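Sharing a structure here in structure tokens format.
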Amino acid sequence: MNKEIFDRGLEIRKKVLGAEFVEKSLATADEFNMPMQELTTEYCWGAIWGRDGLPHKTRSMLNLAIISVLNRPHELKMHIKGALKNGVTKGEIREVFMQVAVYAGIPAGVDSFRIAREAFAQVEKSA
Amino acid sequence: MNKEIFDRGLEIRKKVLGAEFVEKSLATADEFNMPMQELTTEYCWGAIWGRDGLPHKTRSMLNLAIISVLNRPHELKMHIKGALKNGVTKGEIREVFMQVAVYAGIPAGVDSFRIAREAFAQVEKSA
Amino acid sequence: MNKEIFDRGLEIRKKVLGAEFVEKSLATADEFNMPMQELTTEYCWGAIWGRDGLPHKTRSMLNLAIISVLNRPHELKMHIKGALKNGVTKGEIREVFMQVAVYAGIPAGVDSFRIAREAFAQVEKSA
Amino acid sequence: MNKEIFDRGLEIRKKVLGAEFVEKSLATADEFNMPMQELTTEYCWGAIWGRDGLPHKTRSMLNLAIISVLNRPHELKMHIKGALKNGVTKGEIREVFMQVAVYAGIPAGVDSFRIAREAFAQVEKSA
Amino acid sequence: MNKEIFDRGLEIRKKVLGAEFVEKSLATADEFNMPMQELTTEYCWGAIWGRDGLPHKTRSMLNLAIISVLNRPHELKMHIKGALKNGVTKGEIREVFMQVAVYAGIPAGVDSFRIAREAFAQVEKSA
Amino acid sequence: MNKEIFDRGLEIRKKVLGAEFVEKSLATADEFNMPMQELTTEYCWGAIWGRDGLPHKTRSMLNLAIISVLNRPHELKMHIKGALKNGVTKGEIREVFMQVAVYAGIPAGVDSFRIAREAFAQVEKSA
């Protein structure tokens, strides 16, 4: 593990997904899934999100598109909430999923809109 | 068919993919694939690309991510060239595919980088 | 939006998915997802389902195969119920999913059979 | 191996894909891929295509949809030719791929139309 | 159906997934899904798992990788439990999903780790 | 970049894919794709292949399954050759792809067998 990249990744991960959520994920990790927590933090959040080439807002929009096509609802919901934190507006989220609907098919679009509405409701409730 | 949306779509499609390419696609369409040409132009380029909510440059980046994950090399190469026309830099294309590599897996990233290099070579040759 | 195609799409959508369900979807749509409702109704149900080239029963069978492979359980369940409305028999649904099992893999088949049994139970309960 | 199902499968496979092609596949099989040839013939063509519940024409249309979504061009081209042998018209093939384009996304549709035109050209040339 | 292969498949299926679970699946099968039960037992468990070329432990590891990429949570959980029965250790399951995370993307890895922890908890509870 | 993990990754990558191939990939990398070369070497070959939990032979078999399902022919061919280097026999490769055929569908199996035969022919020719 590269401590410097891990730390940078941890900071970005907390900023996007929320410090409480991330700290809980790490605190409840056990011998089984700790290596996965470390890999994600270092490579995903440190080595990619920590790069300069794109603003975090753009990376969030890309992730909504990617994870929607990959069909991973848990991860999608988390990244919808993260996108709001990174300044993506609801209107922009709508545009991303409209584009997904046409390029990856109507069911991918419909599912993503449903998950987005659930995410919005949870964010508003906890606000 | 909605003539107004089709015409708007045709204009955008020509701007992004090149007038010559699009005119040839339509001119060589026959009874079999003309409905698909019309659907794509109206639905994809008119109803989605014609919307106001996101700049074309952002839509291009989203498409690179989506089509890379969908694993459609022909379409990806076309949209890489279109992305360059829409002002996406090579550096930004690299960032999109680095993010794809981590979220959709290394083979998706490696394939996309190879296709991008082919696309760049073709663009430079024809310049 | 093309009013004529939208209206034709709305009619077909109600016939296949049930008027009550469709009216509720439209009535509860908000600024966020109304454009997706319109896109789906116009392009999916109007521009495709409204075409003459295949009977609705065949389109339902194709959709069961497509959505099963796409791995979208919510949409699949809805289209299983729609298929019954369009005259696809339980025996024919079984054949579609047997074919999916061999061409798209056993887990796709097993999942689709489980979802179909849930859909049948819901239809029988509400009958 | 179940000899009876294998023989029924072999007969159907020859009818749909052409006796010459199938005989060549079996004749050039070696120790490495013979078990795969046998599995395909028995499991795919015997145990599924040999079932009574759907006419071969419908099974061909389902396969075009399934393999198009699965994104397997070699297999798709082979099954487009097989679909023509099973009485699926070009107009019906167009409808299947239009439906794929909306449910599985425009790139899946565009790719399938291109492959279909290649398949038609090969069939006409060899006629 | 080939009685001999079906019986061998049934035996292996019971060994890996548990006799109680398999007997219940067969006992609650009806006219609709019995052919799918038979297909799975004969081809999946008899014709593939019954082959000599790989030990069951290796087949279990391959299945974790395959079903994780295929994104089928129900089937994945079942096969995680089966993998434990076949002697795959938790540490080895971790390695399989770490490798999935890098080759098929972080969300596939994260989802698989979450499902694995649920499976482990269920196994420990019923022990 | 973590120099230690990169170096370990580079060594393993050369061992599995061949020193000549890897050196050429790095030597012809430019500003555009060098970051991807580094990510792959460090993340894929260092952080995953460099872990102790599974022998390289098992990792090769897992990769054949994963990349076959992901439908990435270029990468699959490269990893088939790598698998032979890691001691996976042709017979074991056959078993992996038979299992893929049943769990991910016949077209995935057929495609993988075809690619394997091409890879074997290239290896034998260059031997």
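So that you can tell them apart, the chains are marked A, B, C, D, E and F in the order they are listed, and the count of residues begins at 1 in each.
We adopt the following convention: a residue touches a chain if its C-beta (ideal position, glycine included) is under 8 Å from a C-beta of that chain, and two chains touch if they have at least 3 such contacts.
Since we're looking at a predicted model, the values are computed, not measured.
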Given chain A and chain D, the chains that contact each of them: B, C, E, F
Any chain in contact with chain B as well as chain E: A, C, D, F
Identity of the chain that, by mean CA position, is farthest from chain C: F
Between chain F and chain C, distance of the C-alpha-averaged centres to the nearest whole Å: 40
Where chain B and chain D are represented by their mean Cα positions, the distance between them in whole Å: 30
Centroid spacing, where centroids are CA-atom means, of chain E and chain F in whole angstrom: 25
Residues of chain A engaged with two or more neighbouring chains: 35, 39, 43-44, 47, 51, 67, 70-71, 91, 94, 98, 102-108
Residues of chain D that touch chain F when the two form their complex: 32-33, 35-36, 39-40, 43-44, 67, 70-72, 74-75
Touch list for chain F against partner chain A, complex: 1-2, 5, 35, 39, 43, 47, 51
Chain F-facing residues of chain C, complex: 102-108
Partner chain F, residues of chain B touching it in the complex: 71, 90-91, 93-94, 97-98, 101-102, 105-111, 113-114, 116-117, 120
Residues of chain D defined as touching chain C within the complex: 43-44, 47-48, 51, 53-54, 58-59, 61-63, 65-67, 69-70, 91-92, 94-96, 98-100, 102-104
